[in-house]
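Below are structures written as structure tokens.
Both of the next two complexes hold subunit A, though its partner changes from subunit B to subunit C.
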Partner chain A sequence: MAQDIDFDIGGRVRETLARVFQLSAAEAGDLRMGLHPLWNSMGHMQLIVELEKEFGLRFPTYEIAELLSTEAIIKAVERYRQK
Partner chain B sequence: MTVIIPVELVDDFLARLHYVSESLRDFELLPEERNSVRFNLLPGHEHFSPVIAARIAEVARKMCETYRPTVAKVLVSRTGPGKYELDPHPFLEAQGDLFKFGQGRFGLGPRLVELMGFFDRQLVPVIGRFSAEPHQFPSLIGAEVLERCKYLRSFPHALTLVSHLREDLEAVQNFARSARWDNGELVCAPSDLSAIECLLSPAVCFHCFAWLQNSQQPESRAFTALGKCFRYESGNLDGLERLWDFTMRELIFVGSQEYVLAQRQRAIDEIVPLLDEWGLSYEIRSATDPFFIEEYASATFQLAFDLKFEIRAVLPYKQKTLAVGSFNFHQDYFGRSLNITTNPGEAAFTGCVGFGLERLVLAFLAQHGLDRRNWPGVVAREIA
Partner chain C sequence: MQFLRNSLLTIDLSLLIAVLVCIAASALVSLLPMLRSTYGLLIVSLLATAGIYRHGMLGYLFINLVIYLFVAGLAWLPIGSRLLQRNRWRWCCAAMLALLAIFLAGRYYQLETRGVPLLGVKLFFYSLNMWAFLRLITLLWEFGSGRVERPSLLSYVIWIGLPFTLLGPILRYSQFEQQLPLICQSRKTENILSSQSTRRFLLGMAQLSLGLLLAGFQASLVDPGNGLPRWEKLAIGFSLAPWAFYLLWAGYFNFMEGLALFWGLNLPPSFNRPFGRRNLSEFWANWNMTATSVFRDYFFFNRWGLAKANLYINTLVVFLMVGVWHGLNGYWVLWGLLHGIGFCGYLWYRANKSRFAIWRHRVLDAPFRFAGPIATYVYVCSCWFLPPTILKLMR
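Then we have the complex of A and B:
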């Protein structure tokens, strides 16, 4: 069965990060929570809400604590999109 | 409203509606649908109805936006021997052990003072095992500390601001001439009052962190203090359950992440036998702080990162539980906010364990009753 795979998840994640933390997409390429002044507890939840809107998904509470870097977010979104 | 309030959010949602408008007289969430609030306004305030409806809808939307169903983590669950089921408040008032001065303000008589002292005396040796340095802090706290910790933004609804008269003879004379108690408030000219430099402290640990601000703490440290805390909770203030002015024993940790997390877990392990000796029915479970609606997302963050666990004691007369203590991990929030480091460039991690002594007393009496013959031996023996 054919799967609807979004090949630009990485780009959309980086754009969301850039939008939330007021960065360029290039600067959002390899971010980690705590390394940017706006990526604090409130910034993290704002990012989660924006990611959920962008990809039409809902992260469970336990997973929110694991989405701590650009790479981790891309992997998580890919996992959800393939479900 | 455009959202349905999840069952788990109902109490939290209703608690926040007290801050929506001074014109609100009462309100209820329609229990079946949970998407409508029926409210009544004070006479003459009816024209505010559309604005208030919009505000209520905004509170609901913001709370639901970041809410997600979460199974609470229950670390400990105990059922004690207590069989009492009545509300102790009226009996305590009748016996002269409790006196209401005003909303959220109660005086305690000999029996309650004795019980509070007992609980604190039992907690202190346990806290001593953590090599905690004893401290004493003022009830007043500088506004700049709460601003730096973003408390003003996260909990504005709970603040108790402090003022005094301006150092100005005319202002003092004017106040002395004109200030009067009228219709439930002190009427005076705002221009006679000083700017706000201090607030009444909402927690004990802020003082500790303010003391350590701009310092390097290469060695992990623990502190303890008993202090008065002040949180204004509007219509949610309710007897000894929810006081405006209450007493808290805190144990505070400052150091590396590993140290603080290990001490928090150790504190849970060391406190459980004490709670069991007191014969309490309780759970220790994940929890959140009552953030202002604009910062409500922080509550989900707390749950996701296991930042807060509460001791929730059973109140049989309400068939509900009440937080009598909490075990908190702040990550490096206060280290960053107040420039407390462990090594150059590395923010310190902090945590605290807090016990609300009036609530402990209430939970104990609510479960065991006022007759000390029904109290667990360790308590009955100590209280004459």
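Then we have the complex of A and C:
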């Protein structure tokens, strides 16, 4: 069970998004930068910091501009956790 | 009709040539289906580059070829492992810095005007304008990050010679690469009859014409012969000049978007009603978007090796870079600094918004809706007008 929770990357990404942008987890399900007023360039950097804290990883500089949707973030977190 | 004469005088010749070349390129590919192939597009792109760059064509092709050879050379290194990927990224970062140094040196020493006499002909081996520089930076970034693989020489030459982007906007290689097969497949009638391309084309034409008229009108009003007081000139400058400038460039980019659509090529939008936005962040999110998004993605979304990004430093770096990108002189450096300081002020306000909450709700709630757009407009205009005065005071 603990393992399931630990590897529920999608759920944790949505929770982080919801926390940073003050949304419900359902609202954070399919979000894109620019669709929510708080997810602008400043909010994006705040989100990156929170995601890195949450997953204990560090995104490379070139990846930061690619993490523009919930889906893209989940895929990137999965990729960097495997490395 | 003095202002009509002034409108014609404000037309930039190189921009006019670019518009005519792009109309010809769009019409050729739309009307001659045989050109709707990679080789056809290559010929049209090279001809358009020659038409727009003229004597600078050799230098333009030379610099682009050097970057291509660098990318092709790096592509020999496989990126299967994380270490090799990191090395590719580091090499590309070094190349971006080198390109920046070359770009700045070119501006400082005005290398574009320095030809080398060879067999009685003056050859120009350097030509790197602001758009070409930014375009190549996007390629190095995308290649270094692994977002795109080594481009084929054919598609690369079409990309660097795309008439609709030679003087802006920016179309990143990843955006172009996925559209190239679609351009070759699309039928001419689909594009000619597309209401979207016609609408964009007409909108661009209308904005360009209105921008020219406004610029001419403003020039005739502030004519030294009119003897207007300084404050009246300032008021005209604040009310007309920004709109003329905006309409000219938004018109040009919309025009290019419309012409590109006749090829079946989608250029990303450049302007989205930037005036009237509530703050500087919103203004910049809607002004010259293809270029500002590059600066945002590469300089603002950056930690410069630190554990946590400092958004204030990033903001100043972004706007200084945008300033220098426009011109390596005191005016543009100051312009960038002023925007950077203004944006940092907005960031600070945003971070401390809760402190202002009561004060804002009690005093400024209703007027704030208007105060934001007005303050933003005045600040943006001041950044255009203040640098010469500040420079004069500094001397």
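Note that the second predicted complex is superposed on the first by the 76 of 83 C-alpha atoms of A that agree within 3 Å, B and C clash if a C-alpha of one lies under 4 Å from a C-alpha of the other, contacts with A are read in each partner's own complex, and residues count from 1 in each chain.
One rule holds for everything that comes next: contacts are C-beta pairs under 8 Å (C-beta built on N, C-alpha and C of every residue); 3 or more make two chains touch, one makes a residue touch a chain.
It should be emphasised that the depicted structure is a prediction, and the values quoted were computed from it without experimental measurement.
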| item | value |
| --- | --- |
| Superposition on subunit A - do subunit B and subunit C clash or fit | clash |
| Touched partner set for A:Gln22, first subunit B, second subunit C, both or neither | neither |
| Touched partner set for A:Ile64, first subunit B, second subunit C, both or neither | both |
| Which of subunit B and subunit C A:Met45 touches, first, second, both or neither | both |
| Residues of subunit A at both interfaces, subunit B in one complex, subunit C in the other | 40-42, 44-45, 48-49, 60-65 |
| Partner subunit A, residues of subunit B touching it in the complex | 65-66, 68-70, 295, 297-298, 300-301, 303-306, 331-333 |
| Residues of subunit A touching subunit B in the complex | 34, 40-42, 44-46, 48-49, 58-65 |
| Interfacial residue positions of subunit A with respect to subunit C in the complex | 40-42, 44-45, 48-49, 60-66, 83 |
| Contacting residues of subunit C [partner subunit A, same complex] | 82, 89, 141, 144-145, 147, 281, 285, 296-298, 300-303, 308-309, 311, 314, 347, 350 |
